[in-house]
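Going in written order, the chains are labelled A, B, C and D, and every chain counts its residues from 1.
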Amino acid sequence: MQYKILPVEKIEKIRTNYIQITIKDEDFASQCNPGNFFQIKADITSQCRRLFKPISVYNIEEDSISFLIKVIGGGTRALAALKTGDKLKIYGPLGNAFPLRQDSKILMVSGGTGYPPLAFLKKRLDSSNNILFLHGGASKDDVFPCDCSYTIDGSFGNKGIVTKDIADLLKKESFDCIYSCGPVNMLKTLAQIVAPIPHYVSMEAYMACGVGVCYGCVIPTNEGYLRVCYDGPIFEAEKILWKEL
Amino acid sequence: MERIMSELSTSLGKINLQSPILNASGTFGTEYFNFFQQGILGAYVTKTITLKPKIGNPPPRLYETEAGLLNAIGLQNPGLKSFLNNDLFDLREYLKIPLIVSFSGATQEEFIRMLEGLELHCGIYGYEINISCPNVENEGIAFGTNPDIVFNLVEKLARLTDRELIVKLSPNVTDIALIAQAAEAGGATSISLINTLYGMAINWETGKSRLSIPVCGYSGIGIKPVALALTYQTARAVKIPVIAMGGIHSWQDALEFFYAGASAIAIGTANFSNPLTIPEVYQGLLNFLTQRNLNLKDIIGKVN
Amino acid sequence: MERIMSELSTSLGKINLQSPILNASGTFGTEYFNFFQQGILGAYVTKTITLKPKIGNPPPRLYETEAGLLNAIGLQNPGLKSFLNNDLFDLREYLKIPLIVSFSGATQEEFIRMLEGLELHCGIYGYEINISCPNVENEGIAFGTNPDIVFNLVEKLARLTDRELIVKLSPNVTDIALIAQAAEAGGATSISLINTLYGMAINWETGKSRLSIPVCGYSGIGIKPVALALTYQTARAVKIPVIAMGGIHSWQDALEFFYAGASAIAIGTANFSNPLTIPEVYQGLLNFLTQRNLNLKDIIGKVN
Amino acid sequence: MQYKILPVEKIEKIRTNYIQITIKDEDFASQCNPGNFFQIKADITSQCRRLFKPISVYNIEEDSISFLIKVIGGGTRALAALKTGDKLKIYGPLGNAFPLRQDSKILMVSGGTGYPPLAFLKKRLDSSNNILFLHGGASKDDVFPCDCSYTIDGSFGNKGIVTKDIADLLKKESFDCIYSCGPVNMLKTLAQIVAPIPHYVSMEAYMACGVGVCYGCVIPTNEGYLRVCYDGPIFEAEKILWKEL
């Protein structure tokens, strides 16, 4: 884990309210595994006393790391305002990683900003696996490349929530492993549907330190409150006390 | 380098520090030494531990307000036994700077048992007695608001140790100087302040408290003027050294606290918004003092 | 308009207000009615007056910190006699909204004499008893920190008037709910809070206090989380209405305080950074409630 | 007195760290007298909860009002960052005005940012007067058109403080009235030198409300603490308790 101030290599607007930021750094690029995240923020005065924001690794190509970010509040808005060459502050990589399966039939399910870590995971899973990737969002602006898309408003792909067909799917096909990331209610529903198949979820939480020292980002588990930034963000779904979430 | 070190050196009651900058309890870990060298820190203060493990409060535990941070951690920690068998071991191995153990108890007896337990272990330079955490019901803050209780507690603890005995005070009291004087009379060798202020935030769209417990702890920029006022009041009321904290983000902020009477300062919330705060404050203070040909001790308490 | 009015109407102990927005004492004057209509304000609260004229503290009296404002005004005012003979006359003439007179005394007798004097004049709807100003030595804050003294004082005053009797509390106490309960038991018809927190700032270049008195009053954005926590604690502890203030700058801020239990809110420091704060908060609340088809009373105290 | 949000008509950088901002508003332009000031601030988010800054009227031409502003801290920096067409928030005019003399021999003395109100005053004093205008600053960047310039570093005009030759001057010439504005130490010195000639000073103070309600901007006078924004900014020098300043 390191702290750096790096220039933005590239920043693109994706649809109405996502941005993709790319930075270049050999150390960082070589250290990242799927599920890892960074704490980042725009290096501008109005942000100087604000918290960093946790953002998952979305893609790595050689020395370049990309992040896919939904603009929702002050921190992400400041990131969206950056231009090529502007600086961002960044430290990481942080958190644990998805266990990488082999020779497995895998179901990946993401919702909204849960997409980036799974997209990265998919790239890193080797070809011995057989993967089905479902992704859902509120509308067509929240949909990204995958095997099957869902939108709540029906503006793209299947209409409805991403979990709606999974129970049926599991009756027809069997999977060795599930990976998921997304809004907590989606994950909760999914966990119920897919149990007892091994299921790894990437959790989100409001963070301060991102390195495990403040105990601010916990979720309830059968081992007590565990830190998303340090003990996670990847958890076995069966460990999580979904009812308390 | 010799000269440099001496410019920033300071003393608590029983120990000397090479740097006047500490970390605020609960906001720091050795992970940060990935970002800068240990020696920048005068001493390492642990997160508060309790006798028994504490599960802490449910999430959400954090919310960033317009001018600071609300937290409702609730002293989650693995308890004394686990601390002694795991963390203390690692820290002693790893640290080249003095280790200060922060702890809290639900009763006077608990405080005493913890101190007795800790006294049996070497490698500890001092204690920070946390009688001021606003996020727990029994622990902490109840003790911190009554001068008689503080005096009694500190007196008992002081008899049991020769190590630095820091008492950490709550700002949520009518007269912090009185509490500080009680701690001093009881035998505290230094005072630290401030712990978090009471704070709260509500989601206006839903009417829900932003955190799992409504009234929680407020830290960061917004509390700096309060922390400075209470540092000033306390430093004038006691003779023992004061370790000041509350919203310090820059070396200029730190200077204000030294002028107000602090012998050392601690960085808390600023670690989150800028993980390099501690080395930046260190370097800034060093430059300031060098340029003016001063030692830190020349400005402590010299507000006019 | 009828419907609109009722959505935002609220009650103190004895008077109804067409708008739940008041001005915070000492931060407002009729000059602001150049910027918006009186009717936006539920009532007009005067700057605190004292029996004798007060010269106040020497300059500098103001300093803007990173997240708020420090002031050391020290209750400068021309005294009761001048108030009765000049200001009251003008205000009564000019105001179409209820007038609330804020006053403070150095002794219980002074408070009583002032109330008696004011009772002889019509056109006053209520009093705000300021027992909480941190900038004066004898006046104010000493009274505000002891529940017994507060009870005694308020009881005497309550016997002398049938008007709204608001007691304004200091945040610089260990348990504000206790003080509020004492005021309620004494006969206060509503509580207002918070007055300024203790605050301080030092010029790091010179070591000089930024203001003429080192420990002064801190208001504005940075105190909002504290004010909200204390409003919540107080509103749950008493049955009389609470008028909340402290860092309110927007209608969203105001909503937080209503959810926390305030029956009315007051705007202080925000008047300075945006002289249109009051009408903007009014309009924002109105839109919010209209869109949700709610009355203000539906959300007061409904934090969950 | 009114509150408005107005576009910047024109903004110019003057030397290294002054700016001149011009706005257009008929009401305001017709209401201003020399000595009056406005409370202004840049209408940008980072300023939204900051105080307004008191700035004197520098020049009025038809409907246009100009301000000459030295950039020293956050508020003035934000103003300096404005571009033509950007908005500023403004209320005023505020404070009292210089009494306008006629048929008089007048000495005007300003230091630093004390220049603008005197420059405006000079324009409004009619031609029956005979005026000598001295202005001083730290260096050549702080000097503006007048009859006689002083700089501390000697980089322009006479070397030294603006008050240094006044005692001698008064021995040679007699004046009916003095107008002054500038740093408090300059005013204090001047007040001593020129007494008992009628002397009107424009005072500065840190302000919050600017309209007389907060009592934050007071100076000590023989009538107690008076508000610079409301009772001033123009005071008779003999009223001020200079020793306490």
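One rule holds for everything that comes next: a contact is a pair of C-beta atoms (placed from the backbone, for glycine too) under 8 Å apart; a residue touches a chain by one contact, two chains touch by 3 or more.
None of the values given here were measured: they were computed from a predicted structure.
Each chain gets one centre point, the mean of its Cα atoms, and the points for chain A and chain D are 58 Å apart.
Look at where the CA atoms of chain B average out and do the same for chain D: the two points lie 47 Å apart.
Rounded to a whole number, the gap between the C-alpha centres of chain A and chain B is 35 angstrom.
Taking the mean of the C-alpha atoms as each chain's centre, chain B and chain C sit 34 Å apart. Shared contact sites, meaning residues of chain D that touch two or more other chains, fall at 49. Looking at chain B, residues 66, 221 sit in touch with two or more other chains.
Taken as a graph of touching chains, this assembly forms a single closed ring in which every chain touches exactly two others. The set of touching chain pairs reads A-B, A-D, B-C, C-D, using the touch definition from the header.
Only residues 26-29, 31-32, 34-35, 47, 55-56, 58-64, 69, 71, 73, 76, 220-221, 249, 269-276 of chain C touch chain D when the two sit together in their complex.
On chain C, the positions that touch chain B within their shared complex are 65-68, 70, 145, 172-175, 197-202, 204, 207-209, 214-216, 218, 221-226, 228-230, 232-233, 252-253, 255-256, 259-260, 299, 302-304. Residues of chain D touching chain C in their complex: 1-3, 48-52, 89, 91, 205-209, 211-220, 224-225, 244.
Residues 45-46 of chain D are the ones touching chain A in the complex.
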